[in-house]
Amino acid sequence: MSIPDACPQKQITWREWLTTDTPASRRQARLSVWYHSWLAFRSNLMAMFGLTILLALVLIGLFAPILAPQDPFAQDLAARLSAPGVNGYMFGSDSLGRDILSRLIYGSRITLYIVSLVALMAPVAGLFVGTAAGYLGGWVDVVLMRITDIFLAFPRLVLALAFVSALGAGIENAVLAIVLTAWPPYARIARAETLTIRNADFIHAIKLQGAGTLRVITRHIWPLCISSLVVRVTLDMAGIILVAAGLGFLGLGAQPPSPEWGAMISDGRRFILDHWWVATMPGLAIFIVSLAFNLLGDGLRDVLDPKKSSQ
Amino acid sequence: MSNLLEVQNLSVKFPTRNGIFEAVRNISFSLGRERLGIVGESGSGKSLTGRAILRLIKKPGILEADHITLEGTNLLQISKKAMRRVRGHKISMIMQDPKFSLNPVMRIGDQISEAYRLHARASKKDARKKTLDMLEKVLIRDPERVFRSYPHEMSGGMGQRIMIAMMLIPDPKILIADEPTSALDVTVQKEVLEIMDDLVRERGMGLIFISHDLNVVSAFCDRVLILYAGRIVETCRADRLHEAKHPYTIGLLNSIPRLEQPVEHLQVLQRDTAWNLEPSVSGVVADGETPS
Amino acid sequence: MATDNTLHKKRRKRSLPLWVKGISNTVFTVAITMVGLLFVTFIIGRVMPIDPVLSIVGESASRATYDAAYQELGLDKPLFLQFFLFLWDIAHGDFGESLLTARPVGQDLIRVFPATLELATVGTIIGVLLGVPLGVIAAVKRGSWIDHVARVVALIGYSMPVFWIGLIGLLIFYGILGWIGGPGRLDIFYVDTIPSVTGMILIDSLLAGDIEIFKNAISHIVLPAGLLAYYSLAYISRMTRSFMLEQLDQEYIITARVKGLPESTVIWRHALGNVKVPLVTVIALSYAGLLEGSVLTETIFAWPGIGSYITTALLSADMNAVLGGTVVVGLVFVCLNIFSDLLYKYFDPRAK
Amino acid sequence: MTEKTETGIELDQVNIWFGEDEQRVDAVINAGFAVPPGGSFGLVGESGSGKSTILRAITGLAPTWSGNISVLGNRLGEKRDKEFYRAVQMVFQDPYASLHPRQTVDHVLSEALHLHGFDNPDKRIAQILDDVGLKQSFRFRWPHQLSGGQRQRVAIARALIIEPSILLLDEPTSALDVSVQAEILNLLKRLQSERDLTYLMVSHDLAVVSHMCSEIGVMNQGEIVEMLDVAALRALEASHPYTKQLLDASVQKRRE
């Protein structure tokens, strides 16, 4: 087991440096783990496909003004309900003569907005509640889990409906409603994970080094919960998109004339028999993005969570 | 002494990212009506050898051999269906921990009688009677109660007796015991080993006893194969283990602390990379010949 | 032998039999969950921007009428007393009156719930019948083409917006091909022609011996139930596959093979026998999911169930109806949870 | 020093139990023994005998106990302070479970130093790696890049880097192959004499315990049924029937 410590750096390629079994610094150790995960992830074609779509979505959202051929709100009643390709509308136009493609492009911003808000709030809340309940145990666990169970007992969409109807329709309220119903599963996962980790010897060991509760939770338990949460969040994003679109479809999410995809489907519903494209295009957009999240989540699970890679 | 089983050039390989890993490398041995010990450290390939005989190497593992002959039939050439007749009926296996090797949601009686009903084509009633008999043979005091119980209600020692009963009920010719007592407490180990030993002798079976524990093997077997890195480095009579010649075997023996022979420092095994290149020693004993 | 915590001496003062404790524990848990659920619903009802008094007495009512109604509704009482009154009413099945139908919400719910139940049940049955075998086969033949197909089928199921695919389905199978009945539970001239016994038309028509109506009902339910079944299948098959893979890795599977059992017995009796324990929970969850998913599905298919009821009420600000519907769906969720817990205990000898 | 440090660890009439009231299960009953500073005491018994539970009670990991436990002359209360953890460290049974899977060797060792405010981490880490017989190149490795024996060396390094005077050993070699076991036992013996450590070791293996310890307590069903010194054990001079049974099982399996 001779170690090429003394080897001059330039003789080793980046790849070798990253894949070494004998990292020589903290940075190299960390980077090499990331690199190995990336290698594993890269070999998963479907996951790469999902990642590509999502990156494209982000780019489309960022550069919407440049990419969109027309103003998403500009109406042209003379050219209303044009079929795809007709009158220069690549994906056709809707009942007010607005360009569906441009609306889809701008709609990606709304989708990204909802997804990032939910992804920032729900898992974090779940992680806090779950690890606290799991690690502290006792009455803290009982109280927190009872609350979690209550929220878990609510049907997500129905509660979101009731909530939105109480606070008024709109994206922010829809997001709030989704977050309110989305955190309990994360709390459950984080708690379950914590319970298995809590009694692991490496946690006992760090306690015996004199580490306090907060340190144990944040430095030792969180890093282990986070990977399974990331997987779950990615997979859930597909569902979140569907719920948000569902709220939009029912007229409780983003309000017209906002180009929210669910609302666009709702708009096209009236013309489904004669003008199929009005509802079909946004539906496809939702489907593709949601599929991308699922593919990515599936791939991430293989990398981050090899135990459960089977699901 | 006639050979029940002959294994020629057995290899078990696993494809990995860095090429093929050979976990068992070209080993040959035979088994008569004897108790054959296979000893080695973790990763030496001893368990895989046991499973390979039953053709139970999971994908993507690859099993290769010139032949594995049981009473004149090459097990590698028979159909999957015929192989199932061999399993349980001719060759059985006991695994390490009854906590995992018994089906947790099935009643013990059903698990034991299942194999008997299959191989003996017995009626439910006969199978039940036979099962209760068998439970009694492994010295279980209240067979009726155990018959109705679930595995989680049993202690480790009881669980392993149940495994023995389950594996011996179809009256196989060969029993492979893969670390049968390493999950048990020392005082229970002895009981379980004795029960197994008695039954194996009584039936004139061949026993392959796989273990990491040189003491147990030397006390309990007739002949020993010592495995290192997938190969047999030495074979000898169990009662002559202390006369072993290979530095690996000697090193292994000397690294064990002994109650009666205190030493200040234990000897540490110095591994030699040359061992990895040596050819595997044959563990075959020709028909009619007594092992030296 | 990992730890030394195997407990050997049990000193037990038995006061109550264990099962009595178990049941009283369950009842307590359920009660707490229910009250919490009702509390959240109550709060939602309270923070509504809609003035419940105005919606009863009308915009032009005098101050005195308004105050009278205000007191009648108990709004002058402290919040927590109001909550208890709310609980009291619900315990008596009183959800107030619906603005839209001008009938007690309780009666409305009893009328619409069977339609939802019928849809979700048919969906779940199909989902389980197809999803479990698909999951098992995908796990057994891991990495084969059938595993990939099952994976793609499930991923598509996870990703498809139900309201959109429902529309497309209606467009193709009803609008273009005409193979199935359109929206609603029956063709319009069959509606209310058979006596309602269970409220589920498939059963009622058979009870009445009317095959014609039964067939018509089938032609209407096939698409929405098929869609729900697809979602349920996606979820159940994935979970089954994952549980199966976990079980197939266990030592007792090797034991079963060593015994010489045929592969079919190893898989369907030994492995699936263990999988059915967690699968119960998954199926219950999936069933609950379908009941919830009915909100969107029913809107598309004009299915007169609890989902349509809630959305219609929502759009016309009929709060009593919305809250009543929410509570009932919540109740069903809780009941499903308990039921799956009980089944779990029944299937798993270790849980007793 | 003073009288205070006359004992390393002392237990007197210690009871340990899990659960309360009807659910109460007594894991250790009336245990008592003393280990002098620099001494080594072994507890031997089978699974469920309560031997590991005693270690857990000393470290504060088993919450419900009664009686007296004192370490270096200080009686322990409900809570353990930093000073206690400075003085008492533990090595666990399974090296695959006792290292955090997402932390490098360096991380594990630096954190221990950080928690107790040690200076000069680089030098100390280099030194301890040397002491436990690991090459410097192991410093930035992840647990999955180490073998079982190497992991156990890291666990020992983690325990010793904060320079405790007492080491609790919970079956430190039972998850290892015999040849690796010999290496680890030798290492522990060397470190004990170099650093004048007090050992309290728990094992199911009589031979291992008698190799390591001078005084041995035999546990059965939560009770210490017999205490004897290693010479008596080696001479098979046990008086309690359970000890005899244990000795019999340990010796007989290699005779026949």
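Think of it as A, B, C and D in the order they're written, each chain with its own count starting at 1.
Going forward, contacts are C-beta pairs under 8 Å (C-beta built on N, C-alpha and C of every residue); 3 or more make two chains touch, one makes a residue touch a chain.
Because the structure is predicted, anything quoted here is derived from the model rather than measured.
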| item | value |
| --- | --- |
| Which two chains share the largest set of C-beta contact pairs | A-C |
| Most central chain, judged by mean C-alpha position against the global CA mean | A |
| Euclidean distance of C-alpha centroids - subunit A vs subunit C, Å | 25 |
| Separation of mean Cα positions, subunit D and subunit B [Å, integer] | 34 |
| Whole-Å gap separating subunit A and subunit B, where each centre is the average of the chain's CA atoms | 50 |
| Subunit A-subunit D separation of Cα centroids, rounded to whole Å | 46 |
| Shared interface positions of subunit D, touching two or more other chains | 47, 93-94, 204 |
| Junction residues of subunit B - those touching two or more other chains | 185 |
| Per-residue overlap in subunit A, given as positions that touch at least 2 other chains | none |
| Touching residues on subunit A, where the partner in the complex is subunit C | 146-147, 149-151, 153-159, 161-163, 165-168, 235, 238-239, 242, 245-246, 249-252, 262, 265, 269, 272-273, 276, 279-280, 282-283, 286-287, 290-291, 293-295, 298, 308, 310-311 |
| Footprint of subunit D on subunit A - complex, ascending | 1, 3, 5, 21-26, 28-29, 33, 200-202, 204-211, 219-220, 223-224 |
| Interface residues, subunit C side, partner subunit A - complex | 29, 32-33, 36-37, 40-41, 44-45, 47-49, 139, 151, 155-156, 158-165, 167-168, 170-171, 175, 238-239, 241-242, 245-246, 288, 291-293, 295-296, 299, 310-311, 314-315, 317, 319, 322-323, 325-326, 329-330, 333-334, 337 |
| Contacting residues of subunit D [partner subunit A, same complex] | 59-61, 82, 85-86, 88-90, 92-94, 97-102, 104, 106-107, 111-112, 115-116, 135, 137-138, 140-142, 145, 155, 158, 162 |
| Residue numbers on subunit C that touch subunit B, as the complex places them | 1, 250-252, 254-262, 270, 273-274, 277, 347-350 |
